[in-house]
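Got a structure for you, questions after.
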Amino acid sequence: MALDKNQIAQRIAQELKHNTYVNLGIGIPTLVANYIPRGIDIEFQSENGVLGMGPFPFEGEEDPDLINAGKQTITTLSGAVLFDSATSFAMIRGKHVQITVLGAMEVSENGDIANWKIPGKMVKGMGGAMDLVASADNIIVAMMHTNRQGESKILKKCTLPITGVNCVKKVVTNLAVLEITQNGFKLLERAPGVSVEDIKNSTAADLIIEGEIPEMKF
Amino acid sequence: MALDKNQIAQRIAQELKHNTYVNLGIGIPTLVANYIPRGIDIEFQSENGVLGMGPFPFEGEEDPDLINAGKQTITTLSGAVLFDSATSFAMIRGKHVQITVLGAMEVSENGDIANWKIPGKMVKGMGGAMDLVASADNIIVAMMHTNRQGESKILKKCTLPITGVNCVKKVVTNLAVLEITQNGFKLLERAPGVSVEDIKNSTAADLIIEGEIPEMKF
Amino acid sequence: MINKVVDNIEKALDGVEGNMTFMVGGFGLSGIPENAIDALSKKDIFGLTCISNNAGVDDFGLGLLLKRKQIKKMISSYVGENAEFERQMLSGELEVNLIPQGSLAERCRAGGAGIPAFFTPAGYGTEVAEGKEVREYNGKLHILESALTADFAFVKAWKGDTAGNLIFKGTARNFNPLMAMAGKITVAEVEELVEAGELDPNQIHTPGIFVQRIFQGEKYEKRIEQRTVRTKE
Amino acid sequence: MINKVVDNIEKALDGVEGNMTFMVGGFGLSGIPENAIDALSKKDIFGLTCISNNAGVDDFGLGLLLKRKQIKKMISSYVGENAEFERQMLSGELEVNLIPQGSLAERCRAGGAGIPAFFTPAGYGTEVAEGKEVREYNGKLHILESALTADFAFVKAWKGDTAGNLIFKGTARNFNPLMAMAGKITVAEVEELVEAGELDPNQIHTPGIFVQRIFQGEKYEKRIEQRTVRTKE
């Protein structure tokens, strides 16, 4: 069965290593914070100027001066620190933030990502996404495998204006875990109960499939 | 009679306008702070990271964590602020510091200055001088008119490695106040009792002399 | 000490004119100069270029200026959450220059720091890079971005003193310190204005040298855009 | 929270080797990482490249490493006040790269901030500009300067917490926050180490993300180079 958004987040949480700084994008990526395994120390950065982000505040304790990049009210944990936007992107551009998890509208087999613009329809702006994808060595995309029209978001080449080139390392969708290799998308894992054939049918790009493809473990 | 170092500083103090930020170099420039007229609000910046510098501390109150760019112990005044070296030079390069007063070994008629190196003999480094002279719109040099060998430091062209080009606006020496114009050094004022002829004799560069040259007033 | 205090909002805005370029601090609605924006939205000045990470919402923040069509051009990184903005942009009434958020921040800092241009990897290979110089460093392609400055920068801090020194709170800091550096005239509004000497000189975020005018804002609504909470178990 | 505390100076210096590039914070003798320098001066590592605004004095600060000829190359802005330094430089034993102080600061920040190069007016027309690209901006000539990074950055703060967050005091801040950003491994020593959560998150100068190791220094001499005082009337 295909994963729901929370399960995608849960699977991505397994990718996060002990003692790393992580930036989570808006949407599914935000949910990743709920699934960090015990014993794994992670600090979450939000590009509007906070490191050491904690959970949402209790009702009545919201502080308008304390939000994340999705403009949601947040809290901070022990050891947190606040800073301006230039310092924030110094952390990002300078590769001090080691992992970025973000959503996408399209990902191509050479690791290009598109997630900021649909010409003539939707232009919200790239926000910090272009800086993030141009910087971190480890960029993981969290998204549904297909769009609302049922079309594959895993493509040979992006059709929308791109956010960054050759940057995505891994994609976790409701159907599969894919790694981006020099030769294109390599299928690493299947969602429980989803067959390789199902994944192939939902994927516009070619898939490298070597040996038995295991199911994701939770 | 030629001015002493304190009088040079005193004359330069007259150049400082109300509500300006000023960087004073090592040596004679440091003395300028002692002669700010009443009613003129000036804030002194030191490029190692302080704005709102005050007088030297009273004996026993020296703080090793509070020094100026000459490594001298200092104090701070009300409204002072401390910052890192990048922020300090952002102030300087960004022209927020409006006036720079510094010493020189040579000044040329096109406003070049040399004050950081004597090849083969002395190399202490430029410190912040190259940033300062490349930045402020108003650069005033405080120096003796001649060197220890009696040679003019006011030249057609610098002989020593330069610190900056086309940057000096005014020179105040023990003999004269000179402005640097498009056509070279213009004599503005004489030290009390020093004749135009005396100044000409001590100056290697040509001087533009228009009309009666007044004595400096203190 | 150089005193930066202006008596009222009118004096704070003295000299603003149509067709000027303004920087406006804040991220979303957090840390925006509410009082300056409100006063600007009541002035008959038009043709403005606004540099601001966001464009407010329909009825708050820069949305107030957009509604009156005072803004000719927006230079921003993210402009969702504003239907009127989207309408003006898609209809071509409003010129929009979208740039990556980190580049926006760095370009403002550069403008204030006398750095006319710098290389960044952000945006390489995208629309953002069109017409920009590309150069390889450390095996990676970078584009050359230029500094931004403004006729006026409007920023908002938590506390400030009469010398113009500013302290920000939480993530309301965001672009404010950088835009403060880059304004030819920087107007800072604060929730609490204190005498020079009352703030710890080690703990100031924006040195007063970057601020030309300071005043205490009359009131702050501090609207929350996305109220998200958890419930106590 | 990611814990950055190391138990002792030996663990703090783990991995340092000859021929590495070190950044060393401080201006003059103010804010220098005294404990790290002392320990490095006792190690048999040679051929070092040191990036530091100054070179210490004959018997303190980086002067200790110079005396043992551990340093092959200095990248600095001002190196007066050190006779042994001058001797080694003039005799050609020591390679010296002198750069303007503001460019040094900005190049360290750039190295930490992923900005590989930037334009600055400082040094145009001088020896410093030799071989560097020149470009005109706003009617003024600028030179292209590149980022600096280091294998290790040694910095010194007043207070720090277990998450690596640092607060500096007075002008002892200077280059420390910038070098902290630019070290592949940044080792911070502090006068007082506290638990994470004890420092106000709004008042931290160097976020812990820039610091890989932190320890409380055993003792600080904090030598004054130019004791200048006035007398009470």
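Letters A, B, C and D mark the chains in the order given here, with residues in each chain numbered from 1 onward.
Operating definition for what follows: a residue touches a chain if its C-beta (ideal position, glycine included) is under 8 Å from a C-beta of that chain, and two chains touch if they have at least 3 such contacts.
Values in this document were obtained by computation on a predicted structure and should not be read as measured data.
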| item | value |
| --- | --- |
| Third chains touching both subunit D and subunit A | C |
| Length of the line joining the C-alpha centres of subunit A and subunit B, rounded to whole Å | 56 |
| Length of the line joining the C-alpha centres of subunit B and subunit D, rounded to whole Å | 28 |
| Where subunit C and subunit D are represented by their mean Cα positions, the distance between them in whole Å | 32 |
| Subunit D: positions in contact with at least two other chains | 106, 109, 113-115, 120-121, 168-170, 202 |
| Sequence positions of subunit A contacting 2 or more other chains | 82-83, 86, 89, 92-93, 135 |
| Chain contact topology (line, ring, star, complete or other) | other |
| Every chain pair meeting the contact rule | A-C, A-D, B-C, B-D, C-D |
| Subunit B-facing residues of subunit C, complex | 1-3, 109, 111-115, 161-163, 165, 181, 195-197, 201-202, 204, 207-210 |
| List of subunit C residues in touch with subunit D within their complex | 106, 110, 113-121, 135, 137-138, 142, 146, 167-170, 202-203 |
| Touch list for subunit B against partner subunit D, complex | 46-50, 55-74, 82-86, 88-89, 92-93, 112, 117, 120, 123-131, 134-135, 161-166 |
| Residues of subunit D that touch subunit B when the two form their complex | 27-31, 53, 76-81, 86, 89-90, 96, 98-106, 108-109, 120-128, 158, 168-178, 205, 222-232 |
| Complex contact set, residues of subunit A against subunit D | 19-21, 41-43, 45, 51-52, 76-83, 86-87, 89-97, 135 |
